[in-house]
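In what comes next, chain A is part of two complexes: it sits with chain B in the first one and with chain C in the second one.
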Partner chain A sequence: MRRAVSLALALFCLAAPPASAADTVNPKADFKAFRDYFTKRFPNVPLNDFVNGPYSMDAELRKQWVEIDAFPPYQFALDKGKQMFDTPFPNGKTYGDCFPNKGIGIRQNYPFFDAKSGEVITLDVALNQCRQANGEEPFDYTKDDMAALTAYMAYTSRGKLFDIKIPNDRRALAAYQKGEEYFYTRRGQLNFSCASCHVQSPGDHIRTEVLAPALGIVAALPIYRSEWGGMGTTSRRLITCNSQVRGVPLKPEDELYRDVEYYLSYMSNGLPISGPGARP
Partner chain B sequence: MPALMRLAVVLFATGLATAALAASADGFKAAYAKAEAAENQAGALKNQWTTTEAELKAAKKAADAGNFNDAIKHAQQAEALANASIAQAKEQATAWKNAVVR
Partner chain C sequence: MASTIRIRAVSSGDTTEVQALVQHPMDSGFVKDAQGNLIPPHYIQVVEFEHAGKAVFTAYWGPAVSKDPYIKFSFKGAQKGDDLTVSWVDNKGATDSLVGKIQ
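Our next item is the complex of A and B:
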């Protein structure tokens, strides 16, 4: 009996994967490897240019961009967002009252880990929390009102450097790792992960689009797309990316969407906010 | 007599038809339940495929039109796709680590 147990134990130990560096969460090491990968693969792209997504990868597209940006198609969203932002709720408070520095120039600090709820809070979620705290209905995370507010907040933060913190809290590290896992997990009938497109193939063409590099990929959100004929929030973008590989998208601002945004934003630390963006 | 016989034939034929119908409808219900159970499991893994959803819809539509053979085919296809998505999720539960940039 005892022999059987020790045999089983021995077998179990053999079967258990060796505890290697791959099994411990180490955001700092991940950060360095991630950045090195992109800067070595694209030595001619200036570090701060990665935040311009597809334009950093393609000279032709870049020329179009210069023309697009002369009359930015997201201007209407900026104007609307500013007006919404400055208009008090019926109780006299404003969005600014919900945020540090009255909400101006703070986009680079989102998402953050909230110790109280134990969850990752994105800017979009913080905005809806603000609305609800002031007796307002939350906005749809995929639609224009949310895009306008986040566009304005990104605009006031342009050039500020991502400064995402992972506090020394088991739950924060777990959220980070879940985000990392989501990013590298293959899904959908086409069996692609986020990394298949945005790490393996940045600069490649998919139909008419040029794939953005994962480094700095969240800096330009929200984004105007001619193809959409309007603005897209972070949720709208992720939902589209999931659908492209024939995967059923998650709910907007699902925990895993927030975690993957947390992971990608941390990977972008030190890079400037460039949103709102405009894409062909 | 011929009239009686005709009636018998008609009755017999209707009996066959309803028997076949009942079997098909039941067959569809069973096939659909299996597909749906697999798709729910994929949902718990947050790994459903849009193609599975499309087959489930097509199965329902065919069944609503009384086309149970097609309905069963679509349901079986949905089940196969759902099972593939479950297998993918289980395989990726550890395999993702090999893809991480290091």
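Our next item is the complex of A and C:
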């Protein structure tokens, strides 16, 4: 009897059509495994606290941050971002006109998969598209103006929960998979993947830095880093990660970087936006 | 032009706790730019907080202080609603000031 069952099973497996690459991608299962990994490994960290990165891991660091956050170093960027956001382009339109809900409280929906272009569109890319549609030069993707604008847009979305959708589109799944692969691929002279630090070792130190957990790591962006002495966007963060492992960084908002952000943001679904953040 | 200063002063009865943030490059004069040229020194030399015409806190800063410096101190003798004036002067003679209300 048992033999008959296993034989039937084997026949069934043989009869199943060969799975193509996209069929093996299962974001929902990844999401569950990812979340379970972090919540089991850090049972004392409340789920919503993961968005506070290293501060969720280290009590001493957290004390400093609470004090810093009472008078946050990103304040100047935030004020500048609000002013930029509210100032119309010469044609009379504003940034708000390019976005749903006038651009207020929408950070949690980015990045999204754009079926028209077949690519992942991050908030930063959407902002530059908005500028170009209104006859303006695009901003540098790493800091200054772009960081100020995204800081303000994140600020208006604080507390809103990440709601990243992966449509049932082969290209969207492929983008997700590429992002996931990039995140787990070792690179650079030190042979680290993103996951080596942010999945394998959150809470551990690299020199004086406390490593942030990958769960919720995108929720605080853009960030003011004391190490940079200024604001940085998601691109700047990824470029820094790449160069710190002595790898070759990609271009800001490179397709792969956008895919990584897509992957990480999907993994953070249900966690609140906490940006702009302040990090050591 | 937005002010380069942000201030928050909170009275808790007896003492007033003051926090301030100043936007300034604070170039030490020892750092080179991407082309290898020295960035000339540009830093704040004096920061002063005044309450009721009297200096309550004066700092003499130099090139060792970080970019966009942050200050925190407390003093006695002020009431809620009083004005607190902050001003700074840098080595190029530039200056800025701001009047904040004690909360």
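By definition in this document, the second predicted complex is superposed on the first by the 257 of 280 C-alpha atoms of A that agree within 3 Å, B and C clash if a C-alpha of one lies under 4 Å from a C-alpha of the other, contacts with A are read in each partner's own complex, and residues count from 1 in each chain.
The definition used in the following text is that a residue touches a chain if its C-beta (ideal position, glycine included) is under 8 Å from a C-beta of that chain, and two chains touch if they have at least 3 such contacts.
If you're wondering where the values come from, they're calculated on a predicted model, not measured in any experiment.
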If touched residues of chain A are counted for chain B and for chain C, the larger one | B
Go through the superposed model and pick first if A:168 touches only chain B, second if only chain C, both, or neither.
-> neither
Partner chain in contact with A:44 - chain B first, chain C second, else both or neither = neither
Would you sort A:208 into first (chain B), second (chain C), both or neither based on which partner it touches?
-> neither
Considering only touches as defined above, state whether A:181 meets chain B (first), chain C (second), both or neither.
-> first
Thinking of the overlay built on chain A, is A:83 touched by chain B (first), by chain C (second), by both, or by neither?
-> second
Could you tell me if A:248 is touching chain B, chain C, both of them or neither one (first, second, both, neither)?
-> first
Between chain B (first) and chain C (second), which does A:34 come into contact with in this model arrangement: first, second, both, or neither?
-> first
Intersection of chain A interface sets (partners chain B, chain C) | none
Note: in the complex, chain A contacts chain C through residues 70-71, 73, 75-76, 79-80, 83, 229-230
Footprint of chain B on chain A - complex, ascending = 17, 22-23, 30, 33-34, 37, 180-181, 184-189, 191, 193, 195, 199, 243, 246-248, 250, 254, 256
Sort out for me which residues of chain C touch chain A in the complex.
-> 2, 6, 8, 19, 21, 23, 66-68, 70, 72
Chain A partner contacts - residues on chain B that touch it in the complex = 43, 46-53, 81, 84-85, 88-89, 92, 94-97, 99-102
